């Protein structure tokens, strides 16, 4: 129990970072916790497990990859025939499987998406996405020559992080300010725009870093292919049953540290891009039209899709 | 002659700043220089004057307000009946008149545009424009209550300058990062987008700070009225005879001071917004559809419009 | 047989109203009729059943919910191994199941859709839809505060009916004329447009009250989320095999009772809204992109999807 | 003075109706009133005249045709050389001239616009406009065969008025409900949409009956030519100096006489259609792109354009 | 009179080709004919002149450049004070002037438009236009390096003519089939699309070779600047007073010489492109927004603009 | 082995034409070849089979129907339990089945699509597609009256082939040049645009004859329903795992046989039309939204979908 508390604290205080790491920690600790309860009677076992599940989910209400993992394990309890010791065993298996899913998805996305990065391609991206990194680095390893245009991505300059990582892999990078996005689409005529996704919703929309809709709008105007790269595990099944994705707003000081008094600063972190702006989503199971993602998730991962599963 | 050199140096080295100040200095020095030549014969008078004119124009090839002023004075020489002493006299008058035009245009734009800033209006702007300032401050003086949303405008943060000036006049300001532009249009639902203009072209397009086309694109998508505020004297008559407005690109260090080696940074300063994105242009002679500006300029200022005048 | 005739008459003469009621009556009477034939030999049993099926389908050629119910029951006959008495038994089960599907779908749609009606939401709707009612009333029961803008919906003023029902549930309603639709979208900036559907087609389009496409067009222009709420049972599987949804045209006197001689009045009742205008469809199995509905129907209800089932 | 009061009362109480009639009464009474003051000294003459001018303008703040007429007469006083008796004489002339302008403009619009109504043309219109009537009746007199589709135009059914007038001239008319607008554009494929205008603004936009923007939006989607027919005298010169056209909102009972308690009804009467939706405006001086109207008005009627005249 | 008949015959039988040549012949023969009537009394003089004018106009009802020339000369007769001999004299002057206008306009268009053909520009064009030729050849003479993409322009392959002329001037040309237009815009990313115009209308639209609207539609989608090059003398003033430009349809055998029986072939020669697709029109008096062309024509050539002149 | 070589040669040298014929020959020869290897040990059997498979695939890298057939047969080898003789048997069955799928799909598409060709329908098509032929001929056999507009389709005039085939079935045809596409959509107002497809990709896009995107763009502008008719077997599963469809470019002499020296001619044969332009795709399994095709293919033909199968 103490360990649970430590891990949950670490997640909450952002000591554990990155959707994948958070999800791995969460499912690991959840499976371990179950083992401590193995010897209890089923009702007590379930009650305590449900309580911990809720506590874990609350640490990151907007991280589908972690939420899906916990739900995947917890779904085992729906089978009333299975005893607590058996459940613990099964949970270990699922925890293992989910961690594998997470770890292999990035490599698969890299291999699939890299086929779209042809020789002499110009790629435009925004912010930082490890799935996009995976694709570009995979393409580079195949000795293809291409260049990337990246926005600096105010206020936290994640675009600089993207630039540094790609430069380390000898990929030529051009950096621009965010408001030069449309100029860059017009000037460089990139062959593809490739961004990540923080979540995918039931209408096939993605939630991603603020500025993504602006980039999508300009790419659509200029008929430049626009893809998101994301694990299917980032699908948020609660949106299927009506919940709206929450959009985080962050501290004003990220934008201007010595803010003048009386000045209001708004700092929305994400925005929604609906499916009509997206040619396709590059997932670990292939490139699909955004409208298909909710169904593929529901079909492949019925236990994560939960009560809303079709 | 020495003074000419000093002034031209000051303009070139950016010691004299702002389109209006530059234009005032240039026409003043040009008229003064003419006085030194009054006693010469007409051919020599004209030759020397033409040479100085060219030197002045070269200091700022992309400042229509200054170029138009010099051409306005020089156009007097087209009348072959007039002697050098008479020309000098007339030039003084025109210099005086042009300076007045410049000085009164901002106030007139302020008064006209302020009528669009109604009680409880939300205004969105980008970068810094003294014409936009004039409008908002005029509206505030009329004790109207309204708020302004301004982008920070990377890389030079001119949006912060706008924010500070407006706050000094007790106008509530909200500041956002550039990539949150579309979010802000959607979230605040501003009643009007109001930007300045660095130049107006023969097709009714404006040249303005990078990011303006992006803002215009999103405002059109959402059907939010989009106006530019600009003196007619910023019309560039050379575009009527085919010249293209030049777009300046600035130093990469403006974006990232300790740029990693091998990283290319592009820093375009302006972009063109065509007339279909602009509901109207607020000028010192009223609000007009962009398509009319070239004709009004040609009609009102035939001497500035030059050889292309209709 | 007499009862069949009575019920079919009642359906034809519109004495039984509402898609759900019509469907319940039809499947009930169809299952009962089968029982009268239980003792016959299979060929005769099938022949008579097929004839009655056709008669029932003919009463309402454009009511997918009823057509789907009848086809669901009739599909049992495709199994050649089953004897008439067994078929009757099975049909009772299916009839029961279908009626349950119908009765529970509205409640589920209400619960799912209500999650999109957040505190202080503004909702715009057109005409009257019991699925939309269900969503709004569900949201109200959860003590949320929101308001609804409704068009009057000429010629039959179904918008007034919507207004009255919602007012009875203490939901604030604003009513406008149909041609003020775009004004209302612009003026109230609703968070969501929510309409019903009379049918869903194989391309993911909906058929709904005349004026819906106009509303969809203006909502798209202004980037306002647009959803339809509808049971999956309104999917029309015949459109998958090429049939076009029929659009009803009604009596001119609905529009102007004392029509001047020589005046032509056209009174189309419905229009088609294609999937690109719809963010999602709220069904009893969750919110889905419109493109998915035909496949979900085919997967969940293969017996209703019939020969076209994939 | 008593007569002035009577006329102003009649205008205010809507006893005098129609933009033209109101304008004729107003300029007539204003010129007559001037005659009563002829014998006064210039300062007193001007003071009293200015006061009455203001009273007249206040009766109808949103009727450009009347406002323009009064300003046309009053502009004579700007000439400081002219004595009151002379001014009275000149005002009579201008009043006469303005009334003629009003009376001939409709006939000219009819003759010019009728050239666009070819044999077998289908015309779509909305609400009632006497300029549109003039065009259609002129075309009919030239024995051309064509048909008109008209919306009923809720809440006041002005479309029925249009229908009756056209039927009296043996023009075939089809009437639809307002929400069938887009259906009608799609179904009848009209060759032209032709509406009137209540006012024209400085950006080339028109103000017209609610529903016009909706019709314009759908016509643009389907690439159907869209024209407004309007006298130049409906241009509102105050919009050039920044004023916004006022949009009237009318009584809720026009929409639903026995309104349920607690129901809010909004009844906006007009909406603005910007120039990009208008192929051209049919005026008494020809068909012009909307962007030209403000300039033509300023050029042709400098005295009405007033202080903003270029 | 015999000569008139010969010339009119030559024009009708297409022996005289090209808008400029036709216009020169027509105004020359018209002025000469006037001289034969100089000695007559004014009424007879006018009657015969009017008759011949009509005959000339009828030879080419859709050639604005010729129609404008004849009207320019004929407008002299509106001055009732002038005697036939004086009129003849004046007509000679105008004929001379009009021919000069025609001959200088192409060179001026070439010089103005060439400024838009920068080093390494890619230009896309459709069909053949001597104004476009003039621009490209002028740019080439200034030793600029650029390339041109041209459609073959079925059915008469005028694109091949364009290709040959440009190749003779050492301009690199790429030719494509008409249906590869959009592919070419996407693939080559031309900096500018430049087409000619057969006529300009009162709403700022151009009439040009079939396929031009298709090219304009795709260029707008991809935000590629689109200009037309045309003499102001191609403005059709009759469209201002309501006439519609006529669209010629040509022989089916142009498309397929051994047409199968029963096959219908439609061969429209031109289509209309409205002003919203055109960034500007390159004329002999500069580059202007299309909306301005009708007004500039009316202002510069009031005698040609005729009764509709403002 | 000799026979294999002969057939592969015939495919490569285009002696065998049409996607269906090529596919039939390829699977037949592949199954036959397997029989020659039946007696070998599994490793040798597999090695030789894999080699021949690759050789066959290489003959037509862009023919999904053939590629899918070969993969369907080869997928049998994934089952490690099955001996070579059994595999040969099974392959015969699959070859037979695949050939049947191919042969029946056209008839089914014809029957399904024909339901969209109502009495008095106007259909527009581009190029030649046997699936479109099947639909139109099926509709004609049902004695429906309709007409077809077809582009000539430069450079190879496949539109003439379409015209001839339809005329033989007494279907009235109108032929136009390619650049009159938009004119035809506007002039004839077709009820439906119906084209074939050479391939379908993982994002629901189709690859079809150059000019198809242009037609789709104009149809979308005018809101005219746009469908593609194609067998599901033309889906290219490699695009799901990231491969891009290859676009063939053909010989310049197809366009201009006596090409002038120095003239570049580009002759792209196909272009991609993304799913947002397509209302639906008419397949042998019904009409579906384009986004569904990849999933239906993966579900129905998992062996063809291969490693990417979900």
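A, B, C, D, E and F label the chains in the order they appear, each numbered from 1.
To be clear about the criterion, a contact is a pair of C-beta atoms (placed from the backbone, for glycine too) under 8 Å apart; a residue touches a chain by one contact, two chains touch by 3 or more.
None of the values given here were measured: they were computed from a predicted structure.
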Worksheet item: Out of A-E and C-D, which chain pair has the most contact pairs?
Response: C-D
Discussion item. How big is the rotation, 0 to 180°, that puts the C-alpha atoms of subunit D on those of subunit E, in steps of 5?
Written reply: 120
Fill in: Distance between the centres, which are taken as Cα means, of subunit F and subunit C, whole angstrom
37
Worksheet item: subunit B to subunit C: how many Å between their CA centres?
Response: 59
Item to complete: Could you put a whole-Å number on the gap between the CA centroids of subunit B and subunit F?
Response: 57
Worksheet entry | For subunit E, residues that touch 2 or more chains besides their own | 221, 276, 289-292, 295
Worksheet item: Is the way these chains touch best called a line, a ring, a star, complete, or other?
Response: other
Worksheet, complete the sentence: Which chains touch? The pairs are A-B, A-C, A-E, A-F, B-C, B-D, B-E, C-D, C-F, D-E, D-F, E-F
Worksheet entry | In the complex, subunit C residues that touch subunit D | 126, 151-155, 160, 163-164, 167, 172-184, 187, 209-211, 213-214, 217-218, 221, 255-256, 260, 262-268, 271
Worksheet entry | Touching residues on subunit F, where the partner in the complex is subunit C | 111-116, 118, 276, 279-280, 282, 285-292, 295-296, 299-300
Discussion item. Give the list of subunit D residues in touch with subunit B in this complex.
Written reply: 202-205, 239-244, 274-276, 289-292, 294-295, 308, 310
Worksheet item: Which residues, counting only subunit F, touch subunit D once they are in their complex?
Response: 186, 189, 221-223
